[in-house]
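One structure below.
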Amino acid sequence: MDGVYYEKGWLGVVFTLMVAGFILLNIYRARKTSGKLFIRRIPGLNAIDDSIGRATEMGKPVLMVPGIGTLNAISVQALQIFAYVTKTAAKFANPIRLCCLDPAVYTVAQEIIRDVYQTEGVPENYDPDSVRFISDRQFAFAAGVSGIILRERTAAAFLMGEFFAESLILAETLNSIGAIQVACSTEITQTPFFVAACDYVLIGDEFYAASAYLSRQPVLVGSLVGQDWSKLAIAATILLGALVNSADGLKRVPDEANEGQTRALKADEKMITDLFSPKKPEWKPAGGTQ
Amino acid sequence: MEAGWRHAVIPWLAQAPAAPALNMWNAPAGTPEIWMKVGIAMLAGFGLLAALIAAPTRLRRPISGAFIFLAGLFWVLVFLFPKPIDSQTPHEQRPRGFVQDVSFWLADAIPVVSNFSNILTAFILGLGVFSLVRIHLMRVAKKQNDWPFSVVLLVSMVAMATFGYWDWKTRLDLGGAKVDEAWPLAAYGKDLLFDGMLQVMEAAMFSLIAFFILSAAYRAFRIRSVEATILLCAALIAMLNLMGAVVVTWDGMIESFGKDNAFVMNFTLSSVAGFIRDNLQTPGIRAIDFGIGLGALAMGLRLWLSLERVGGN
Amino acid sequence: MANEKTIWEKLQAIDRRVLYTLLMVIATVSLFFKVNVPTKPGQPTKDLYRLLVDDEALPEGSTVILQSDWTQSTRGESAGQMEALLRILMRRNIKFALLSVADPQAPLVARNVIRAINLERKAKNQREYQVWEDYVNLGYFPNAEGTSNAIAANFKTAVAGRKETPPGSATPLDVFQSPVLSKVSKVEDVPVYINVTGSKTSNILIERLGGRVPFAALVTGVMGPETLNYYQSGQVKGVAIGLNGVAEMESLMEKGLVETGKPEVKSFAGETNYGRGMAYYLALHTCLVLMIVAVVVGNVAMVAARKKK
Amino acid sequence: MQSESYPIIKLFVGVACTVGLYSVLYRETKFYRFFEHMFLGLAAGWAMFALWGETLKSTWWDRMVGSVADEGNPAVPGYWAWALLLPIGVMAYFVVSKKHNWISRIPIGIILGLWSGQQVQVWFTRYGPQMQSSMKPLFPTTWSEFITPLQPEAGAVYPAQVIGNLIFLLTLLSAMSYFLFSFETKSKLFNGMTTWGRWLLMIGFGAIFGSTVMTRFTLMIDRMYFVFIEFFQQGLIPLIGGR
């Protein structure tokens, strides 16, 4: 039965498996060395302790927003960083406000934050109202969080995770009351607004590096090293591919149309096309418009 | 097992029209059979819940890990198996064999599995609404600061939910077209609250960003450091390029220098902005994107294989 | 220490509210002037126009899938895009199946636009677009990722069970019996998959559709840079970005498209081509000028204040 | 029939809501607080409705119990196993229990598991083409002209294009080098590259900022259109006897 399947192209599978392999291998390595692999300093992260310190001095709450994405690795990652923030805040008995948009994220946040207070030995300081579900609609959420910011005059704020348009509403509102902000959005479109309005910004996957840097858990450190290997692999592939592509561009083949002449390769005859977008088997739609 | 193992084992996940019309996983609608089966399934589910409550502590991690693994496994299998081009191929014409069976089954199951997260999140929404209602009821009960505003919140919530369901019910009973013609009270209520207020407020909140963007740009775009200066220049060029009138004027000026000179034509605003976009902005974004993608993939792997704990101990 | 601030210091720290008021006034005043600001359409918009109007890319009378993922909150940009798109589709008798994955309200909002364009056509004595015959509304599908995956895998089962009432009939029927979808069972069966979006559903679609069908997008300005990334890598065939895109589409509709080395694409001169895009375009210009002036004033004041010291 | 005065009432309410929320630009007042709480209430109310009316009814309940045949539509059998999702969803509520809160991790785990698996599935679909399109030719195929002419020969690569492609590649690589976290190097070249990488990122950010401005301004312009044209000019003025 030819032509019933999409040709997958082996490269995608091999590349994905290779990346997964790098990550798992380095997690294994890091576990063996109990996390003593090197991670460079990430400037924005040193600001975390300072800002909590300032909030404590002023006796004002620390605001945390794990983005408005659904429950996924990004919001979980943000909550892991917030666990660290809460730990510091709990030490100084500083009030916190964690505002969620997604009910599932809210559920996880509740569990994580309560757990932090428990492990810090101050379960009585945990206020169930400090982790709040505000609204599941983007702009109602923005309005609600702005209200909290303006009324409670939060002194430090951590905006981390998947932010969309509301990023600037929150950041400028915080700026107008002079709060220190540490921010990061995995959405590249929002990073410029954080860069413009916030004090410290984590760019791109500095966000993913953050919890490895803060916690030094072997799993996270190893994974980060694995990601670095994968980045190098991507960069090398691109370089190599560019060279192969350039060589293909210089190649001449006999022209079928004009005997005795030569022509350059067509786009779909080039090697990288073959590797990255393999041809699909011929398939005639059953009843499509002709 | 003539029809292939997948037709007997788990056609629930693959509710494809091609599957045998009735099998052990379904029952005709409206019959006592379906209600009984649904009831038994729910009971079984709550039985599982009871079993979990009784589960010993040491089993907790393996159990939750198993659930994560199985959930993730589905998509990993989708990734690894070849995809049928036409998953609507009738049963009789489908190729036989393990790989083919699995890949057809996976293709049939995607629309079903795709809904799981959403349905579960919907069930969990109650938890969020409960938290909201609790906070505001407490505030009203204790006459805390701003309690009248909590009353406003609770009243508008009840009003919206009531009119929402009322209108929905009317539409089910009468048919949508009739409601649009007759406009009963329910339709007015829902339209005013939702269309007239909620949606307008969302648009208003969204548009506030225009003001914030102005004040943020005014404050941040100063030639203080190399970074800020670069940011400023790139933003200025992008903004100029957004104004059709400026583009037309500028490019017209350039064209007057030499419409046929390829070198001169490189200095049209659209070419300059295009060059920045194609050769500086795109690779920059792409570099960040590679990192974010790898981060997400790595985090996905760690979660899937339960290498990283989520939540408390 | 003298409390008296110099003019430069004042200009460095203009109160936010002054800026806000200026912006509001300038935007409002500009709206009352009706001017057709000239445009110079960019390549992505030109490609989109070619894809939609060229008979080879999109044969007259064929069916497209139109995913409309915007609501009131991005009305400013998306409504103009949707209006321009629908004007083109209706003038070319292209049937469309409408669906949404972003918001339950999106199908309703889209229906309102269809109604408005139909009124416009009625006023001009043109044929009105009919449900069932010319378009079907598949409605809202929760979960963007899941639905996009399902649509890519199997369009027919992904949208199974959706009904629409044919004119003159009392009972709703399965949409696949309609003339719109009778020949469509997979996404490959449509010549173009179009997405008008106020969020990032276009990215999700691109990832899931994986090049199975030519994909065109009309996105907000925010999503522009990211979508251009996909445009450059060929995953999106044509894209209109934000209000600028609308204004460009509108002027392409008025003037047609002539490109060297490619067949000419016709215009719709004589019809209502300028709409919401042009209505807002002047205000966009004045607001941007205000922004640029504000930034320049801030910088000049900063430099001047420094020099004085 | 819809009442004739209803559209203007609806517009008026909408304008009031807009003004209410805009008042926060001045400062946070009781006026804003009123509209903020109303907004949150309406959103929560809508969520309670949409929960069933927009999500569970169609994606869960109808599939579980099926539907009987009516005119023109065949019967669809119900799939009882959907019922299992309800107890799983209920498990999330155990998060409030001090003793059994771990049970909430099961629905959470399923959601996270599905997400994680999808990452593996879509990773190459998303990044493969981006890698491919970054492999731009680095040797010119023609030296006939240095600058790309206005009517370039199809498929030819001109030296000027190669320079552009080199800039592309260098930007990509130096920006990527900025995101390497586990390498410590004293190499001036590498450190210089990461600094460059950060600056080049700023160009991208500036350009994004610039192009986002369009959307934001347009949405504000649209609201002004709503208040001043749709409400005042087209709604109110005719009503009070203007033109």
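Lettered A, B, C and D in written order, each chain numbered from 1.
Basically, a residue touches a chain if its C-beta (ideal position, glycine included) is under 8 Å from a C-beta of that chain, and two chains touch if they have at least 3 such contacts.
Keep in mind that what you see is a predicted model, and the values were worked out from it rather than measured.
**Student:** Select the chain whose centre, defined as the mean of its C-alpha atoms, is least distant from the mean of all protein C-alpha atoms.
**Tutor:** Going by the distance between chain centres and the overall C-alpha centre, it is D.
**Student:** Kindly indicate the chain pair that has more C-beta pairs in contact than all others.
**Tutor:** B-D
**Student:** Going by C-alpha centroids, which chain is farthest from chain B? Tell me that one.
**Tutor:** Using the mean of the C-alpha atoms as each chain's centre, the farthest one from chain B is C.
**Student:** Please report how many Å separate the Cα centroid of chain B from that of chain C, as a whole number.
**Tutor:** About 20 Å, centre to centre.
**Student:** Just the number, please: Cα centre separation of chain A and chain D in whole Å.
**Tutor:** So the centroids are 15 Å from each other.
**Student:** Averaged over CA atoms, how far is the centre of chain B from the centre of chain D? Could you give it in whole Å?
**Tutor:** From the centre of chain B to the centre of chain D is 9 Å.
**Student:** Can you pull out the residues of chain D that are in contact with at least two other chains?
**Tutor:** 21, 24-25, 33, 36, 39-40, 42-44, 46-47, 50, 55, 59, 76, 92, 95, 101, 105, 107-108, 111-112, 115-116, 118-120, 123, 125-127, 129-130, 132, 134, 165, 169, 172, 176, 179, 201-202, 204-209, 211-214, 216-217, 219-220, 222-223
**Student:** Send over the residues of chain C in touch with two or more other chains.
**Tutor:** Those would be 16, 20, 23-24, 73-76, 142, 145, 149, 185-186, 188, 211, 221-222, 225-226, 229, 232, 244, 284, 287-288, 291.
**Student:** Among the residues of chain B, pick out those that touch two or more other chains and give their numbers.
**Tutor:** Where chain B meets two or more other chains at a single residue, that happens at 15, 79, 83, 85-86, 113, 115, 117-118, 120-121, 124-127, 129, 132, 146, 194-195, 198, 200-203, 205-211, 213, 215, 217, 219, 221, 231-232, 236, 239, 242, 277-278, 281-282, 285-291, 296-297, 299-301, 303, 310-312.
**Student:** Between the chains shown, work out who touches whom and classify the graph as line, ring, star, complete or other.
**Tutor:** Topology of touching chains reads as complete, every chain touching all others.
**Student:** In their shared complex, at which residues does chain B touch chain A?
**Tutor:** My answer: residues 79-80, 82-86, 89, 95, 100, 103, 117, 120-121, 124-129, 131-132, 135, 146, 198, 201-202, 205-206, 208-209, 212-213, 215-217, 219-221, 231, 285, 287-292, 294-303, 305, 307-308, 310-313.
**Student:** Quick one: which bits of chain C touch chain D in the complex? Just the residue numbers, please.
**Tutor:** Residues of chain C touching chain D: 16-17, 20, 23-24, 27-28, 30-31, 73-77, 79, 104, 140, 142, 145, 149, 161, 163, 171-174, 177, 207-208, 210-211, 220-222, 224-225, 229-230, 232-235, 241-244, 260-261, 279-280, 283-284, 287-288, 291.
**Student:** Given the complex with chain C, which residues does chain D contribute to the contact?
**Tutor:** 25-26, 50, 54-55, 59, 62, 70-73, 76, 118, 122, 125-126, 129-130, 132-133, 151, 204, 207-208, 211-225, 228-229
**Student:** Provide the residue numbers of chain A that touch chain B in the complex, in ascending order.
**Tutor:** 1, 3-8, 13, 16, 19-20, 23-24, 27, 70-71, 73-74, 76-77, 100, 102-104, 106-108, 111-112, 114-115, 118-119, 129, 132-140, 142-143, 151, 165, 168-169, 171-173, 175, 186, 188, 191-193, 195-197, 203-205, 207-208, 217, 219-220, 223-224, 226-227, 230-231, 234, 280-281, 283, 286
**Student:** Looking at the complex, which residues from chain A come into contact with chain D?
**Tutor:** 11-13, 15-16, 19-20, 37-40, 42, 70-73, 76, 104, 107-108, 110-111, 114, 134-137, 139-140, 143-144, 146-147, 150-151, 188-189, 191-193, 195-196, 203-206, 209, 212-213, 224-225, 228, 231-232, 234-235, 237-239, 241-247, 249-250, 264, 266, 272-273, 276-277
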